[in-house]
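By letter and in written order, the chains are A, B, C and D; residue numbering begins at 1 in each of them.
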Amino acid sequence: MIKNIGIITSGGDSPGMNAAIKTIVNYSNNNNINCYGIKYGYEGLIKGNFKKLSNFIVNNILSFGGTILGTSRSEKFKTKIGRKKAYNNIIKNKIDGLIVIGGDGTFTGAKKLYKEYKVPIIGIPGTIDNDIYGTDYTIGYDTSLNTIINNIEKIKDTAYSNNKLFIIEVMGKGLGFLALNSGISIGALDIFIPNNKKYNLKNIYNILKNWNINKYSNIIIVAENKKIGDSAKTIYKLIKQKFKNIDIRYNILGHVQRGGSPTYFDRILAINFGLESIKNLIKLKTNIVIGINNNKIIHIPFNESIKKKKKKFDKNIINIYDNIY
Amino acid sequence: MIKNIGIITSGGDSPGMNAAIKTIVNYSNNNNINCYGIKYGYEGLIKGNFKKLSNFIVNNILSFGGTILGTSRSEKFKTKIGRKKAYNNIIKNKIDGLIVIGGDGTFTGAKKLYKEYKVPIIGIPGTIDNDIYGTDYTIGYDTSLNTIINNIEKIKDTAYSNNKLFIIEVMGKGLGFLALNSGISIGALDIFIPNNKKYNLKNIYNILKNWNINKYSNIIIVAENKKIGDSAKTIYKLIKQKFKNIDIRYNILGHVQRGGSPTYFDRILAINFGLESIKNLIKLKTNIVIGINNNKIIHIPFNESIKKKKKKFDKNIINIYDNIY
Amino acid sequence: MIKNIGIITSGGDSPGMNAAIKTIVNYSNNNNINCYGIKYGYEGLIKGNFKKLSNFIVNNILSFGGTILGTSRSEKFKTKIGRKKAYNNIIKNKIDGLIVIGGDGTFTGAKKLYKEYKVPIIGIPGTIDNDIYGTDYTIGYDTSLNTIINNIEKIKDTAYSNNKLFIIEVMGKGLGFLALNSGISIGALDIFIPNNKKYNLKNIYNILKNWNINKYSNIIIVAENKKIGDSAKTIYKLIKQKFKNIDIRYNILGHVQRGGSPTYFDRILAINFGLESIKNLIKLKTNIVIGINNNKIIHIPFNESIKKKKKKFDKNIINIYDNIY
Amino acid sequence: MIKNIGIITSGGDSPGMNAAIKTIVNYSNNNNINCYGIKYGYEGLIKGNFKKLSNFIVNNILSFGGTILGTSRSEKFKTKIGRKKAYNNIIKNKIDGLIVIGGDGTFTGAKKLYKEYKVPIIGIPGTIDNDIYGTDYTIGYDTSLNTIINNIEKIKDTAYSNNKLFIIEVMGKGLGFLALNSGISIGALDIFIPNNKKYNLKNIYNILKNWNINKYSNIIIVAENKKIGDSAKTIYKLIKQKFKNIDIRYNILGHVQRGGSPTYFDRILAINFGLESIKNLIKLKTNIVIGINNNKIIHIPFNESIKKKKKKFDKNIINIYDNIY
């Protein structure tokens, strides 16, 4: 029977993680289960950095960006020695199960811990990139999209006033969920995603031949590639070279995309995921990632959730892109 | 063959209507179809208030709240004489089909116009109340929820500082979508919906016996009933009477809930709905309302969309409510 | 010599109070002075509710609305017995001086405590109403104005779309700083302030004879009078009666005006006031309220700061009003 | 006597320019003066790109970012031939006076046009950089500061969660008004301004020896130098080299700092400046820049306003910096 559980946030933080934490803590405490926060991701598991979480501690965190537990990308946890230490701390603290919130790196670690030590674990997808296979949405994605569009609306004001064309790089590790979806929702002139052959420069050259601030959008969106800024600069140079008469600038939105108070959508998603995770952990239905598919809360085996490269764009979005761009 | 179409926004305005308008106008113009905006809802149809919409006119409207076409609740259109006049203007302006954006009142009117004069019409659900049967979401609902939670976060600051309990009335015509969903996403102490028997005062009296600002939420949400303010005042009086030692206030959020720049979610939904509506109008697949169900764009017969009273809450939300409240 | 100080926030909370608290705490701790937070205003002084404040505790509060110390309007502190108890706790905790943040009620209490027990006190004006005599600005006023205009911009969207005129009531206890300044900055059709004879209904009747949504503003601002909602309803009825053809609504913004993260202006003002207060408390230059006058930080005797009724509007604002309205 | 006037926005756009335009247009039209908008700065003057501005056109622009007139940095206007063409268009359109909104480049041009052709001109300082000599504030500065702090609050969430230190570059052409003031209002660990000797690396090295996410701020602010990104990268490398154990990132906020709906402060400032400019143009009290000094609206000779390098920081801010940093 589950008496003590641990919560970990790992990898990049995302808005809504605290809403999931609060839900798990409240449900645990209300069902006589002790809930421990493990600080700074798997690092805290290795170091034994545990903190008991009361309802009082989480009373106000629903609206906070980031994660009150801290997070990290642990190199040590990738080693057998690291995971051994982690397991020892789990035993020492009598932790009966873990809930880990993060992305595919987080779930890869979780999977290994389960395989090696049979620790019951449930994963919750928390990343602004929406790149977890099997779930339609991840916690933080909607907030990030809204931050992106609010910032781009500001840039549109100045682009329009100055008769300029802006190339804006958004996050998303080259997979392009943030780029494609934000681009459509701000009416971008075009959208470029490095790893996706579909979206190339063929059309933009034609569009730009007749580009005019009053008729067309003044924003081109590019998805971040391996290094921050590379995508924006590459597209910028290619276009600048061909269209010397157009006044072009580039802008890299950067880390503002990760923070901020979660939106309605991310709060509800996080509360849903949190509730499903703790209810299943109690029933010992574990070693799964919680997801949402066509509005239904689902369970995804760890293995499947990790194959991020296959995740496809929403058909509706592709339909819009094909009809408008 | 469709040569000229008209767009109407009717009933209460909602954020995202302009994104739907822009999509329809762009797609029409790019496919050699003339697009006319009809001003102030069905009133404009009766008065012959038509305006041709170019891509230039709609270039910047994606981010605007409200509707550039204006809207109204037309009493005249409820009469046969009113609809006859409307039809005459449709003939006079050679309009081959209409797209109407609004709520159930709008669709009731549309249905009659089709029945009496065989005007091809497609409806798009645009209302912050999310009370259209057959579609999971309506345009404006997500923006309204975010406006509500952002404003309530401000009230929470002051409630917490002053050790007060706030009863906050949100819109939604008593059906309670805005109340239930915003309430959960801000961690309300309880949520009251006049027309829903499930949510009554039985629990709140128990909770309030031990109420304490540091342990519990300081917000109770109520859904608007027939008259603005009635719900808030009723609940306020009932609680105030029983708990004289608790410092209680009530607050009616009011019309701020209708306006503002649309969120990501509402923009994408509106673009999706707009695109589906114009593509189907061209194919003369009409007399339907466009909707979304489990992430799929669907077609709802007018008759079905109007029976708003049956629309049920999202199961996930009910699950959260039953487990947390 | 000052060894231990206490900080109190009293009366209505306002955004920026936490920025002042943080500044005082940091400066105290960095100068080897112990800093105690006294909870829930003068009530905490009477009850002996003191909490030592470290730099760690205040590390993140700069951006928080409300006050981490809590606040109240203490009836007991208005009595001699209440103040006697308060003084006993000051002695018991070896508090050498107090900094109180609040409005004129707060300073009235502070003045009495000084008079009766010679407790060194410095006041900081913190109220959204900007009704403290002697200082151009109070902490929270700028944030409140921005909250008001952001909410009214949302209402303008819907008013414009629906061809309606809105009467919006803002806070400010009838003195009208929030009403006059927000009204001008959103381009109100007219502004009504109950206690100010200058702004009456004489002009609005003339304007409304030709009122038209496309030419004129759709917003009338009224300042709250003694009871929330009274001003809005009174003006609403008077206008509604005379102009039956205009679709008019009223809206009461309510407590959202008090909360939220402080703006730049309020943060800087609060940091300035906080720094000046602690530096002067250390020098025992006390029994003053800190203020700002024409960009200079000034000291206002308690007596003067309390005469709120005399405070005049900014000449520039009056000039705008007289030239535009 | 003034019958026809022209308005120009020139240089970088800034939030609030439209509020000034609206005020000038309304006042002109209400006093039987024709008001012409000249498109894209001095370029429009050279090309004869004039558009008559009615009250209807400016009815809704108070809240819009950017400038509806467009702006540019005109190279042609720096030449005698360019200004000759401009003058010819002024004569041709019977323009009796100009109001130009912009920065020191704008006023340098204005001064020459006056000197060479005696065209009555009044300048309004509109720039987010606040680098105009003689005025305490420029239009757009307050909005930009609020955009900066709102975006940095988001970055703080993620910096805190990830135990990272962020170096954030803000605009301001190396003069540092935005850097110093935003830095203080978000509680930066330190603030660097390339052209200001006072703020160097001497202290930051000491602070960082004991840096700890729970005790100290996680943000360092740097002012943009000649090229976007240079300041951030320079400071980043210097610190990174010395403190290899600290996880440091840099972020360049970019053009989001220029756009968005103006804050209360910028609206009132713009309305004030607009009103003063048109009233003085009518009285032919011209060849001045409107400014604000210690809350009083003042007139600054063109010559003086251009010497931007001398402008000093607000004493209060320096006082805070010296006491806290």
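In the analysis below, a residue touches a chain if its C-beta (ideal position, glycine included) is under 8 Å from a C-beta of that chain, and two chains touch if they have at least 3 such contacts.
Nothing here was measured: the structure is a model prediction, and the numbers come from that model.
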Chains contacting each of subunit C and subunit D, listed by label: none
Most widely separated chain from subunit B, with each centre as the mean of CA atoms: D
Cα-centroid distance, subunit A relative to subunit D, in whole angstrom: 35
Length of the line joining the C-alpha centres of subunit A and subunit B, rounded to whole Å: 29
Interchain centroid distance [CA atoms averaged], subunit B/subunit D, Å: 40
In subunit D, residues with contacts to at least two other chains: 153, 156, 160
Overall pattern in which the protein chains touch one another (line/ring/star/complete/other): ring
Residue ranges of subunit A in contact with subunit B within the complex: 22-23, 26-27, 55-56, 59-60, 62-63, 136, 142, 145-146, 149-150, 153, 156, 160, 181-182, 184-187, 214-217, 261, 263-265, 267-268, 271-272, 275, 279, 294-297, 314, 316-317, 319-320, 323-324
Of subunit C, residues touching subunit B in the complex: 9, 12-13, 15, 40, 64-67, 70-72, 147, 151, 153-163, 166, 249, 251-256, 258-260
